[in-house]
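Consider the two complexes below, in which chain A is the common component and chain B and chain C are the respective partners.
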Partner chain A sequence: MTDKQSMHIDPYEKNWIRLSIGLLVVFATAVTVAGFAFGFQVPTPEDRVDPRTVATEGPWADPGLRELVPGKKYEAYILAQTWAFLPNEITVPVGAEVTFYVTSKDVQHGFKLQDTNINMQIVPGQVSKLTVTFDEPGVHNFICTEYCGAAHAIMFGTLTVE
Partner chain B sequence: MLANYEVSQAEKKFIGWHLLFAVIAVAIGSLFGPLQALEHAGLDLYPYLQPLFASYYQGLTLHGVLNALVFTTFFITGFLTLTTIYGLKRPLRYPKLNAVGFWMMVVGLVVTAIPTLLDQASVLYTFYPPMKAHWSFYLGLTLVVVGSWIEGWGFYFTYYAWRKENPGVRTPLTTFGGLITMVMWQFATLGVATEILTMLLPWSLGLIEGTDPQLARTYFWFTGHPLVYFWLLPAYVSWYGMLPKQAGGKLFSDSLARFAFWLFLLLSVPLGFHHQYVDPGVPAGWKFLHAVLTYSVFLPSMLTAFTVIASLEYAGRKRGGKGLLGWIRALPWADPVVSAQLLAGILFFFGGIGGITNASYNVNLVVHNTAWVPGHFHLTVASAVTLSFMGISYWLVPYLTGKKLGVSNKVANIQVWTWFVGMVIFSNAMHVVGLLGAPRRTPLGLAPYIPEEWSGHLLRVGIGGTIMFVGMYMYVYIVAKTAWAKNYEPVEIEVPLADSIHDPQETPDWLDKWVPWLIGTVALLLIAYGPQLFDQISNIALNAPGGKVW
Partner chain C sequence: MKRLLLYGFYTLMIVVVGGAFAFKVFQPVQVLPRVRLAPGFSMINENGERLTNEDLRGQFTLYSFTYTRCDDPTCLALDETMLVIQDQLAALDLGDIPVSMVTITVDPEYDTPEILLAHAESVGADPDYWQFATIADPSLLKYVVGGGFETYYEHMDDGRIRLDPAFVLVDGWGIIRGEYRYQTLSSDSDRIIRHMGVLAEEVQNSVGSASIAYEAAHYFLCYAP
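Let's look at the complex of A and B:
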């Protein structure tokens, strides 16, 4: 490297780079705090299933709501298929903590429970799992958010909190 | 560097062929844009198009494949051929090799188009298995990608020959940016190449019974996000290496421009899991790591914003602009080549903000798979990239053909602004309705769950999409009128290479050396992807038979 060679960084640009790095640190911290202190979680590997038999054997052969602690704790086993969720109507009491276990027996689907943080890709062979607590009464649609074929647009269900 | 080298007619013609296919692709692909947008607004025209086009999804597949994959790849390989030979002032080392690459892309395009037009591949441009297209769809896409690799190899041989002829000389910036684009692309496309060759082709040919949709998604997004940078970096080549001159100034910092390109090579690929935050088969820790890496690619984008805006300010002040913001008005807005790139940059600012939102690990849960996402990427690929390419076309087509632009600058400017206005309306509406929960890739007019509060925004989607359609066809008209003009004013156009405020020879050596950066790129890839790929491949389960569900 000759004497003439050097990184020309304008003082303004130096400050700009500092500001950019600072911003990123703030964003990363916010996301980390939200994820690990407030419990906003993304799906993570739960279980593998065989999409060819999942509709006839195991928990998704009888999909639906399971009551673990009455009024408090529930599990919802939902089977996605072209072009419906089984079941497509679920009712839980106010205050219920519901864990969703969703899988598909054919192609990929989406599972987005409106006005909650439940948003999952449903992949054949995998089990998508997330938990949410319903503190207020109301009706939430769960809609298929991944293109899954001809009648994808009509694929949805409703969850009622009462 | 050959003395007095000039780009020959044959070379111009070869580049022109790339543009021809690019513009045909975007002209056909864009036919479906307003059909989708109007469908959202409540006016479904698809039933009237039968049996020519079967469904919304066939239209959406054509829209995505032709615009996002074909238009971009042809335009980019053509444009980068020019930045390679013009920058290095020497012909391609092996012109036949590049010709083979190009025609392979053309064959690939035809092989992809046939099943798609016959509704045998309505799987969208992400083609998530186990939705199964006809095997020729996957084969055709492979040929397009391999063809683009071969054109890239042609650039490397040319660069290598130039380097031996010119030891110690800084690689011209536009050539340098183009080479990095192609090298990054070859790393990135290893994912989708592996997906197609090891899983999708044998499966669609009936050689294996099923596929592993989760592993396929991981392969796909290995390519899927850097794909965005493959589109974007050629626009950056123009923003850094040409726009400063077109605006009447100089590049503010040569060394930081090069540094930003190296960071894009390093960081573009190892962050694909941020497209898979809601995937069940990827551990949260890996998603988090890729979130952080995605943030880090924000850094070269911020460097680019600073350098490009500083170069523009330099130009504006030289043109007599005064005061804090007066230099903006002083820029040559009347020149469509400049105005297109300036408006592209403005839209990209909002695209960048949305990108940070998408990358944010758990905030992503709110917008994943909603209309927000196409709203976002229309600000990147359809604005920063496409609008820049439109502006580039307005000097490149006259340069290649020797014919003056077929319309006045005023008309070309109206085209540019039409696209901009349509995009603002469309994209804003898509973002808002996505935040309200509207899914992407869905003919919402048929959906039974649409609340009343979405309808106003969906109407704006239709209006914006229609305006964009007008803007796109004005572009196609202007290019066609220029290229095929019988009576024209001959012009000699110079390729607008910008000077740098500092002599590029003063840029440090380490910013013009490949080996350390390539080693770093491979190392980071191995760290960011190696363990997960090993894990997913060793647990592969080819048990999803899938099929045709459209």
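Let's look at the complex of A and C:
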């Protein structure tokens, strides 16, 4: 048996192997471009908190929008629970850069702010953090994207940019 | 020969991808994130001397924010945490890197240097480590504390001040490396002391080829808990 015979790979299979390696390269390139050129953010777990006390102590005891620099920089502490976001109405001025700190006090939820690049898993005991700048006036709904029980479908809030 | 090259290439790919995966999973090197640049400021400390961010270059600086009229338990806890850290600094091995602690008042109209000095003495601040600072032009303070350190405070219409307790750790290059905004599972003082150790290790060991490992730790988000 020659060396060539022992390593025989069917031409079709060879093409599929090439294709799968090529796809990996394409995906890696897409992720790199998305991350560095388009600024897509991955919501890394920011910190861990105690879900039993998060609703009574610290910033989520008094959730809502906080103004860091008037008209420019804001942070929003949002508490997700079955089946509501606290608060469920937020108003920010045009041009505001808002950092969202979201956590859950009960089960797993989702936080998707429509027409922005914010879409996070909200896991009890973990803080999810992302930042977005609102350059245009308009209304964005934030909705729960993780099935969290009977009234999951009505779990949403509204962010108004004006 | 061509096949050998191809196998060599595949092996290299597997080593690179597997190595990166193992590095991320086992995290042999951990760092603190480079969050963003700390703000520049020019303030006045409790002795009436000028204190700027440039004076704090080359050392680790831990910032906290309070006001002396605060009778809320959260403010007392802030000073308490700073005090715990101050008392552990002497025993902490950070090589030759000095550490400063700066508490910035968010009530500059009331908190004059004299009042800050009295406050420093009453909480037991060691002037070798821990300074208190106020600002001459209060209209700039929101940009430093809110815009730069991203710590929320607001003067309410009824005269009260709303303040979210926070600590900010800044390295010797003026880059924010740690923000402590809410109670996590370990105490703030334990985390901050531990993080200062992690930061000192990076500063001391990140030379020559080892710096590649530290840069990789930044790239793969191998952050110390």
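Observations
Rule of thumb we're sticking to: the second predicted complex is superposed on the first by the 142 of 162 C-alpha atoms of A that agree within 3 Å, B and C clash if a C-alpha of one lies under 4 Å from a C-alpha of the other, contacts with A are read in each partner's own complex, and residues count from 1 in each chain.
What we mean here is this: a contact is a pair of C-beta atoms (placed from the backbone, for glycine too) under 8 Å apart; a residue touches a chain by one contact, two chains touch by 3 or more.
What you see is a predicted model, and the numbers here were worked out from it, not measured in a lab.
When the two structures are aligned on the shared chain, A:G149 is found in touch with chain B, with no touch to chain C. Contacts of A:N141 after superposition on the shared chain: chain B is touched, whereas chain C is not. Applying the stated contact rule after C-alpha superposition, one finds that A:D115 touches chain B and leaves chain C untouched.
After overlaying the two complexes on the shared chain, residue contacts for A:V94 are found with neither chain B nor chain C. Shared-chain residue A:V26: touches no atom of chain B or chain C. More residues of chain A lie in touch with B than with the remaining chain of the pair chain B and chain C.
Contact with chain C, but none with chain B, is seen for A:K73 once the two complexes are overlaid on the shared chain. Once the two complexes are laid over each other on the shared chain, residue contacts for A:M7 go to chain B and to chain C alike.
By the document's definition of touching, both partners, chain B and chain C, reach A:R48. Touching of chain A by both chain B and chain C, each in its own complex, is seen for residues 7, 44, 48, 50, 127. Interface residues of chain A, counted against chain C in their complex, comprise 7, 44, 47-50, 53, 57-60, 66-70, 72-73, 75, 99, 101, 127. Touching chain A in their complex are the following residues of chain C: 3, 142-143, 146-147, 150-152, 154, 164, 181-185, 221.
Remark: chain B residues 55, 57, 124, 128, 130-131, 210, 212-214, 217, 252-256, 259, 276-284, 287-288, 291-292, 295-296, 298-299, 302-303, 306-307, 310, 356, 360-366, 368-370, 437, 439-444, 446-449, 502, 505-510, 539, 541, 543-547, 549-550 touch chain A in the complex. Contact residues on chain A toward chain B in their complex (touch as defined above): 1, 4-10, 12-13, 16-17, 20-21, 24, 27-28, 30-32, 34-35, 40-46, 48, 50-52, 82, 106-108, 110, 112, 114-115, 117-129, 141, 143-150, 152-154, 156.
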